[in-house]
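Both of the next two complexes hold chain A, though its partner changes from chain B to chain C.
On to the complex of A and B.
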């Protein structure tokens, strides 16, 4: 059975882009259009990888990433961040939350800034799932 | 008890008088000769001395002289023999306060004593008064000196330029603050120049008029003006002044100048840095928007490429739609940016606000129906025709109402019957009030605060983050106001007030 990858993004075009890349590379895509649904699906479907946006309604990618990385059962879920937000802004937000009394969270292994080329995205996915 | 020295060479008289004086409350010191009396005087220091004039050895006149030498304030009453006027006069010459004749009658004695007592009291009072007065004068002088010093220091150290003139407009005070502003030194100005040499013509004229003219304006309130310094530089200052008066007569002028150069410079810098910050924010926000659109375009191109390669029509179509959507997003962003950056004067013409609101409702009807949102039109038919910019109203209402519908879409409370209402109404002060209310998701305070800042969007990919900025700009250009009232989970009411002018209908 092919590996399953969850795409969490509120923009349907971005999801379609990522989903197509996944399909073309032989993975099974799953979709969620906000952080809250995303978390629910991670718990239920146990995907092998999550491609996560940062700015979303309901729950942002900053929060979702933090919840994953601080949860005993979910901390090993692999995550690629794919966002229009710069990496340093994301890290600054995480640092602020840590200073605000949150736990230390590791930097994302792969952080891609939109726009990305399909090859770039495919390469990142393959690397994470190798 | 008052001490009284009684001197007489006849012991009987001393004894008898002592008895009656003691009865009157005096502490009597008896003496039987001038010498003895004088010794007792030096020892006991009585205030009142009653002495016989004719005594062997030192007589009364001698006693008097000696006593007066020792204490000029002592009251000496002389007892004279009957008809001894010459001696009495001599005694008075030496400072006796009174004399009584022998035989001494109680009545005469007590009157003389009473007078002496009064004199003593008055003298005592005078003395106290004088001492007091001296002390007070000394204190007042000290205080005056202190105040003068204080004022001199105050004037000298004041950052404000202080310039005072006498009534002939000649400069008498020119503090270092004034020197800094005007560029003249104190020695160049004090007693050398007139304020007319320094002040701008209108200022000098107001002072001259204040001193001599009929309209005596005594105070000139703070106002901004420009003075010319010695080097010819125009210096922005705040100025206030007063005509100094003494007993209703003008005696001079004083003027205060605050140097506004630094403030003006800071103001300019602030404006500049605010503009730079706004540009920076705009560029950052814009970059984010463009990055997302580019991502969509790349995705679209990718799908189209695969579609062509694999002859997969579905992919091809999806990819092409994606490209089209992102072209629309580009165009929205550019249009919003343009309308935000463009200065536009409202184009006023006769229009019907209700009708414009109705058009907007029609435009949104489909989107609202698809999402189970009811649109409620609460029109006030009395509004009728007014002169406003109909395009402005249209754009504002379209923006606010589609936001209101979006607020319902974002709402998670599925038990609600969502509705958006538009309520135009006439206000008393020639303004139309438009209330757009929804019962959707509502906003918290943080969001409300950021509503009008650029590129802030709660709509994710669907918003450019410029809509409300454009709306506010349109409202401001139309001299209107916008107010937001929102409660999370309950909904939002946005109230816009736009002024109108009456349509010309021949009644003017």
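On to the complex of A and C.
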């Protein structure tokens, strides 16, 4: 059975792009259009990898990533961040939340700033799921 | 009701990031989440003879909004805030209401309407329509450069104008949890001259005394929460007098309860809160009653 990858992004064009890359590389795509639905799907569907946007309705990727990495049962879910928000900002936001009393969270293994080429995304996915 | 999440509605012409910055002292109360909303009005990209549906224009508008929001969001994320975004095509008011419901926001911040007088008369202004339909408070933000009045912190010195209506009493409950943000509340009631005509000096003074007593009772409620409050009685046209009171008190915004008049009545007969929201130089926070209140 092919590995399942959840794409969490509010932009339907980006979801379509990621889904196409996933299908062409033999993975099974799943989709969510905001962080809240994304978290629910992660718990229910247990994907092998999550491709996560940052700026979204309901719950941002900053908070969803933090929820995953501070949860006993979800902390090992693999995540690629794919966002227009700069990596530096993402790291600073996590640092700010830690300073406000939150737990420390590890840096994302792969952080891609939009836009990305299909080959770049495919390479990142293959690397994470190797 | 705490303001944990606010919806910031902008077309960019009227509200910029400085407006958001001025709202950030609400973090001292409960604010932790800002949701940006940009509605691309359907008629900007609608079918035109010879060109059809303007997909390219939609993409351009979406991306322009997205680039601005990313820049604003980065600043807020770095401060540890939660940020969301909606860039949607549709009718302004419907999309804002939908986003407010989805997000369960505690406040909508919007700039004043830029529709012309005739257009407003026939189709109503966005702000008026939003105020009529929104179940949550709406702050009609006025820009610093428009007024040259220092209002970096709209919630710092609110002027609460009350007519004793249930909506204006609800406004009190909305402001009392904001003690870490509000420095002083000024309470005003405007008695109309009509009510005083034919009365003796004694009667007029009695009216003032009674009104003031009622205002003092509200002041006591604020002071019990640790917020300084002062009572004022003005006489005359409510719209003019509320504006004068705001100036006299160096208010940072005007707060009003808003009744649920029908769109038709509001359009033809007017409504004091909505006129102030549209015309006043001060940011205006309107609090309406929910359907079941």
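Definition applied: the second predicted complex is superposed on the first by the 130 of 130 C-alpha atoms of A that agree within 3 Å, B and C clash if a C-alpha of one lies under 4 Å from a C-alpha of the other, contacts with A are read in each partner's own complex, and residues count from 1 in each chain.
Criterion: contacts are C-beta pairs under 8 Å (C-beta built on N, C-alpha and C of every residue); 3 or more make two chains touch, one makes a residue touch a chain.
From a predicted model like this one, the values you see are computed outputs, not experimental measurements.
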Looking at the overlay on chain A, is there a clash between chain B and chain C, or do the two fit?
-> clash
Partner chain in contact with A:21 - chain B first, chain C second, else both or neither | first
Tell me which partner A:116 touches in the superposition: chain B (first), chain C (second), both or neither.
-> first
Report for A:97: first if it touches chain B alone, second if chain C alone, otherwise both or neither.
-> second
Classify the contacts of A:56 with the two partner chains as first (chain B alone), second (chain C alone), both, or neither.
-> both
Looking at the overlay, which bit of chain B runs into chain C, 110-118, 236-244 or 452-460?
-> 452-460
Interface residues of chain A shared between complexes with chain B and chain C | 10, 55-57, 84-85
Quick one: which bits of chain B touch chain A in the complex? Just the residue numbers, please.
-> 288, 291-292, 294-300, 302-303, 306, 315, 318, 322, 325-326, 410, 458-461
Would you pull the chain A residues touching chain B in the complex into a rising list?
-> 10-11, 13-14, 16-17, 20-21, 24, 55-57, 84-85, 113-118
Inside the complex, what are the residues of chain C that reach chain A?
-> 35, 66, 69-70, 73-74, 77-80, 82-86, 99, 102-103
Could you pull out which chain A residues touch chain C in their complex?
-> 10, 54-60, 62-63, 84-86, 89-90, 92-93, 96-97, 99-100
